[in-house]
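Below are structures written as C-alpha cells.
What follows is chain A paired twice: with chain B in the first complex and chain C in the second.
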Partner chain A sequence: MADSAGPRQADEARAAAGVLTDSGRDVSASGREVPDSGYPGHDDIAPPPRKRDLRAVWLIAPTMVILAIVILYPVLRAIWLSFQADKGLDPVTGTFTKGGFAGFDHYLMWLTQNCGSGMGSCPPGTLGADFWPSVGITFFFAAVTVTIEVLLGLWMATIMGRTFFGRSLLRAAVLIPWAIPTAVTAKLWFFIFAENGIANKILGTDIAWTTDPWASRFAVIVADVWKTTPFMALLILAGLQMIPQDVYEAAKVDGASAWQRFTQITLPLVKPALMVAVLFRTLDVLRMYDLPAILNGDSGATPTTTMSILVVADIRNGNFNSASALSTLVFLMIFAVAFIMVKFLGANAVRTQDEQRKGDK
Partner chain B sequence: MAGRHRSDELAKSPFGRGDALAKSPIGRGDALAKSPIGRGPEQAAPIERRRRSPWPSVRTYMGAAIILIWGLAPFYWMVITAFRDVDHTFDTTPWPTYVTLDNFRDALATDKGNDFLGAIVNSLIIGAATTAVAMMLGIFTAYALARIEFRGKYVVTGIILAASMFPGVALVTPLFQLFGDIGWIGHYQALIVPNISFVLPLTIYTLTSFLGDLPWELEEAARVDGASRGQAFRKVILPLAAPALFTTAILAFIATWNEYMLANMLSTRATEPVTVAIARFEGPDSFSQPYTAVMAAGTLVTVPLVIMVLIFQRRIVSGLTAGGVKS
Partner chain C sequence: MVLNTKAVRRAAVAATAASLLAITGCSSDSGSGSGDASAENTGGRGPISFAMGKNDTDKLTPVIASWNAAHPDEKVELKELPGEADDQRDKLVQSLQAGNSDYDVMALDVTWTAEFAANGWLQPLEGDLAIETSGLLPATVASATYRDKLFAAPQNTNAQLLYYRTDLMPTAPANWQALTDSCATATAKSVDCLVTQLKQYEGLTVNTTQAINSWGGSVVGPDGQTPEVESPQAKAGLQSLVDAYAKGQIAKRSTGFTEEETNLAFVGGESMYAYNWPYMYTNAEKDSSKVKGNVAVAPIVGPTGPGASTLGGYNNGINVNSKSKQTARDFVAFVQNPENQQSFADASFPPVLASVYDDAALIAKYPYLPALKSALENAVPRPVTPFYNAVTKAIQDNAYAAITGKMSVDQATADMSAAISAASK
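Let's turn to the complex of A and B:
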C-alpha cells in the first residue's frame, strides 16, 4: 500500500484535533463531516512532534540484550570453536596436540569428507561420511512434506472455511495434532508403525517401518504431515478469510468456473499468506530433529539422519569443534534457503506482517 | 458510523491494493469496484452461501469427516492403548477393550529408572519460568513495535522474525560446552535460558500483532483526560490486552512444554522435562518396548494440553495466525 502509514497518522491527527470518542469519530473539532473516502486529506494536520526514538530504544533494549546473550553469543562462540583444532592425542601420529587454530579443516572434513588423508578419506560409517546423505535427506524431507502440506492444507482450509454445523468442533480437532508434543507424536507413530502395529494390520503388510530405509523415511513424512498440516491449513484459512465474498460473486456473474475462481482469485489473493506459511514450514523442516531421532534413533547412522541429528551425534562423540563447524554449515544453509525464498519467491514475512498490521488498522 | 465502517472495509479489501485482481482476466478490478454488490454497508458481513443442490453440502460434510478423523484418530488410538492391558497391546479393536489403569501406574512408577511425575514437575517449572521471562520482556518490545513509530522498526521486526526461525541446533554445541564448564547442567537455568531464545521471538511476534488491533484511541482519550502515559497503559490498555496476553502466554508455554532437542542435550535425570522422559522411557527389559506405558505417559502429558486447546480454540487459532496473516 502506497499510503500504508496513512491510517495511523490519520488516527493520531484526529486524536490531536480532539476527535476521540468512538461515537464522535466522524465529526472533526470544527464540526464538519470527515470525508469517508479516507485519510490522505488529513495529512495537513501533522501529528505532534515527540521524542519517539529514545522511548522505543528503552523498550526494545532488554529484548535485544537477551537475544544477544542466548543467540548471538552462542553463534559467535560456535564459529570460533569451528576454527579450533581438537586437543588430545592425535589418533594418527599418537602425539599430543595442543589445539590452536585449525583453519577450515573441520569445514573441509564435512564438505569433502577429508578425515586426515585427503579428500574422500572418511570411511563409511563415520559421521563425516554421513554429511552429504544427511543434507540430501533433510532437503528431501523439506521438499516432500511442505509440498504435501500445502496441497492438503489448501484442501482442508477450503473445507474449514465453509459454513456448516460443527465448524468450530472441526477447528478444535485440527489443533490436537499441533498441540501434542513432537516427542509424544513420535512415540505414538512409533507404536502405530511397530512391527505388529496397527499400520501393518490395516495395510495387511509386514513392513519394518522403523528400520527399512525408505519405509522409515515414509514413516517420518507421514508423522510430520499429520502433525503440521493442520497448522498450515489454519494459516491458509486465515488468508482465505481475508478475501471478500463479493469478489467470488462477481466472478460467478462473469461466468467463471469453480476452477477458474480458484486459480484466478483464490490462489493469487492467498499467495502472500501461503508463502509465509511455506517459508516457516520449510525452515522448520530443515531443522527437524525430534521426529526422526525418536522414531528411528539419533545415532547418526540411520536412514533418516537429518542435519540436526548429525550435529547432536557429533557432540555425543565429544567432537565439539567439528560439531560447531557442522552447526555453522547448517545455519548457513538454512539462512541461504530463507534468503532465496524471501528474495525470489516473495515470501517476505516482515513486510507481509508489517503491511497487514498497517493495512488492518 | 456505518459510512466510516464501510470505508474501512474497502480499504482493507484486496481490491484496494489488489493488482493481482486487476491482472486477472475474469475479475476486472474497476468493474468490480463500480458494481453495485461491492457497495452497500450491509456487505460488510460475508454473504451466506446459497445452496442450490445438496451435493456441495454432502461433499463438505464428507471432507469435514475426513479432517476430523485425521486429527483425532491417532490421538484416539493413543488413549485407547493407554487403557488397554499390556498383554493385548496390539489388539486392533477400535473401541476400548481389556480396560485397565495399570499402564498409568507403570508410567508413574519409579522402579525402572523412570520418574515421570518428577519430569512433569520439571516441565511445569521450566515452562512457567520461560513463559514469565518471555512475557515480561516481550510486552515492552511488542508495545514499542505496535505503538511507536521509530527508525529501524523494520530492522527490529526482521531480527525478531529471524530469531524465531533460527535453527536451535546452532546453539547446542556452544551451550553444551559452556553450561558444562560453568556447572549449569543439572540445573533448571540450563534449560530455561536456551528456551528463551525461541519463545521470546514467538511471544513478541504474536503480541505485536494482537496489540496492533487494540483500540488505541482509548489510550489517547485517557491521555487527554490527564492520565500519564504509564497510567493510560496500565488502566486502559492492559485490561483490554489481557486476553491477548493470556493467549500469548499459552502459546509460549506450549512451545516450551514441547521442546525436545535442547532439553535432551542440556538436562540430567534430575531436571529432564516430559519430552525427554517419554523419549527414553524404559520398559521392564531392553528387548521389549513398553508401548502401553508410553501411551499412558503420552496421554498424561497430552490430555491437559488438549483440554486447554479445546477451551481456548478460537484464541489460539487467532494467535497462531496472527503473525503471517490476519484473520
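Let's turn to the complex of A and C:
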C-alpha cells in the first residue's frame, strides 16, 4: 500500500493541475471572474467560512470507512498472511498445526523457485514450478489479445461510426458477445473446441484444442477476442464521435487522402479514448481466470494457466499463506503495468474526460 | 481546505488503525477450538443433516426416507452440495474451517478423508461411535483410515473395469501383454485399441496409480507421505502406459479424455477396449449404443493377471462439532446395512458390503458384479495423505509429461518423487 500512495497523490496533483489550466482558459474565454475559492469549476459555491467546517469530513467518513473495510482491510490482511507460514503437519499426532512467521519465504518460493532446498528446487509437479510459466502466459495473452482487439475494434468502430441503414441494429448485434457472461462464453467455446466439436468438423481436423499447448492457447485467444472486441469497439466509437466533422472537411479541402486523414486526424484524436480502452483491457487480461479455467481446466498445470488460476489452485491446496503471497505479487505486477501505462503512455481516464469536454466546445 | 485534508487524513489513519486492530483480533482467535471437540456430544441424539454432492443424491433419498420413517425424532435432512467435486470440497471446507455444525454427516470423496481428518474436522469412529467394518471390502476401510484410526464410514465404492467388445475379442485378455498384443485386431478393424482417461486431471492420477499398483509398485509408503515412485515396479508400471501410448495401443486422443469422452468413444463403437467406471455398462447396453449386446467386462489387467484398480466412492464423515453424534453414527451404520447396500447396487452405485456382490439375483441383473468384486478385492486406495491435492498434482503433471514423451520415465518419476516430498514438506 505504501507504494500505491505516492503515484496516486502524484496523479491527483496532476489532474488538479490539468483542471486548473483548463478552467483558467474557460474563465478567460467567458470573461467571468474567478472567486478565490481555490477550487475552480465550483464557482457558485460560497467560499468556506473561517471556522473549521467539519461537515465535509462527516460526509466523506462513511465512504472512507466502507473503503477501509472493503479494500484496505483485505489487502492488508493478505499482505499480513503472506508473511506467515502455511500450516504444517505435526509428525506425532498427524494433525495440522499453524505455521508461524515465515518472512519472505513465500515470495522467494515463487520468485526463485525455492521449495525448501535452495534456489530452483521446485520440481515439476509443484505449484511453485508453474509460477514463471504462468507469468509468461499471462503477459503473452495480454499482448496478443489486446493487440488484436485494438485492430479489430478500430475497424469495427469505424464502420459503426458511419451513417447507413440499419446502423443501430448493427450496433446492437455487435454488443451481443459482450453481453453474454464470460462463463457462458467459455462453455460455448468449450463445446466448439471439443474433440468432436464444430471447430474440428468445419476444419476437417482432429486437433486437441483443449490439451495441445499452442492449440489451447490459440483457443483462449480466439474466445477472448470474440468476447471483448465489442467492448473495445464501443469505447473507441465513443472517442471517434468526439472528433468534430469540420476537421475532416478542412483536411479534405486541403487535399488529404483517406489514409492521411486516418493517420493524421483520427488516430491522434482518438488516442486518449483508445489508451483508456487499452488500459482497461490490459488490466482485465492480466487477471483473466474464467475463460482458460473453463476451457482447459484450473489444475495450475495446463498450457493456459494464468496467474489468477495459479492463486486459486494454491488456495485449493490449503496453502492460504503462499496464495496470499502470490496474489500480492500479482497485485504488484498489475499495479506496475497500470502505472507504466498511465505515467508514460498517457492512458489517463481523468485527463481524457477533460479533453473530451474541451472537444465539445 | 488544508484543514479538511488533514481531518480526512486523520480519518484515514483511524480507519487503518481500526482495520489493523481487526486483523490482530482475527488472527489471535483463529485456529482455536476443535481442541477436544471430539470428546463432546458423543452420546448426542436429535435431528441431523446430511451433505452430499447433488449428482448422486438420488441414490440416498430412498435410504434417508426409510430412516426418517423409522426415526421420527432423529430425522435426517438432506443438504445438497454442488455437482463438481472441487466445489463440494470448497463448500465443506469453508463451513468446517469456521467450526460450524451445519453439516452433521458429510459424504466425502475418498481422497479428502485424510486431509479433513488431519485438520481435526472429523470425529474418529471409535469408542461409543465405533462401527462394524468386518463385512466391508478391506480397501474401502483403508481409504477411510488415517494413522490407524477410522475417520469415516465407507458408503459406496467404485473401481475401474476393463470393457471389451465380444464381437472383436471373444475373451478378455489375461494380462497387459495379451491386451497390447491383441491391438492388431483393432487396427485391422480400424478402431482404437484401448481408450482411457489420460487428460491432465484426477482421471490421470487414477490411471497412473492403477498402472503403478498393478505392477507391484506404490505411490507413497504406508505413512502416506514418503514417495516410493522410484521403485523398479513403479517405473515399470508408468513405462507400460508410456510404451502403449507411444505405439498407439492406447489411443492418441486419450490425452484429452475424461470419463465422458471414454464413454462416448466406446459406446459409439470407436474402440475395442476401454477402462472406465461401472456406470458405462448401463450406457453400453442401451438401445442407442452401437455396441449393445457385444459388451463384456473384466477386471483391469496387470503384468501377470488382474491388475489393481484405483478406488473411488464416498466415505461418510461425522462433523467433529456435531451436536448429535450418536444419531450420526447410527445413520452412517444404517447406510451400510444389506438392504441399503443392495439398493445401491441396483442403481449402479457399487456397494461397500462384500456380501452384496454374491447375490445371485443381482448378478443376473448386473453381469458385471463378479468382475467388479474381483477388481475391488485387488483395489488400492489412492494415497491416503493430508496433502492429497499436491500429491495428485505431482502425479498428474509428471505422468502427463512422460506419457506425451516430453520426459523420460526415469526423469518423470524422479520429479514426481521430489514433488511429493515437497508437498508434504
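Keep this in mind: the second predicted complex is superposed on the first by the 281 of 361 C-alpha atoms of A that agree within 3 Å, B and C clash if a C-alpha of one lies under 4 Å from a C-alpha of the other, contacts with A are read in each partner's own complex, and residues count from 1 in each chain.
Basically, contacts are C-beta pairs under 8 Å (C-beta built on N, C-alpha and C of every residue); 3 or more make two chains touch, one makes a residue touch a chain.
Only a predicted model underlies this, so the values are computations on that prediction, with no experimental measurement involved.
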Touching partner for A:E249 - first (chain B), second (chain C), both, neither: first
Partner chain in contact with A:T126 - chain B first, chain C second, else both or neither: second
Which superposed partner A:A56 touches (first chain B, second chain C, both, neither): both
A:W189 touches, of chain B and chain C: first, second, both or neither? first
First (chain B), second (chain C), both or neither touched by A:G297: second
When both partners are placed on the shared chain, which of chain B and chain C touches more of chain A: B
Which superposed partner A:V285 touches (first chain B, second chain C, both, neither): neither
Partner chain in contact with A:R77 - chain B first, chain C second, else both or neither: both
First (chain B), second (chain C), both or neither touched by A:M341: neither
Chain A positions touched by chain B in one structure and by chain C in the second: 38, 52-53, 56-57, 60, 64, 67, 69, 73, 77, 196
Interfacial residue positions of chain C with respect to chain A in the complex: 1, 3-4, 7-8, 11-12, 15-16, 18-20, 22-23, 26-27, 31, 86, 89-90, 93, 115, 117-120, 146-147, 199-201, 225, 253, 255-256, 261, 264, 386-387, 389-390, 393-398, 400-401, 407, 414-416, 418-420, 422-425
List of chain A residues in touch with chain C within their complex: 38-39, 48, 52-54, 56-57, 60-61, 64-65, 67-69, 72-73, 76-77, 80, 88-89, 94-96, 98, 115-116, 121-129, 195-196, 206, 208, 210-211, 297-302, 316-318
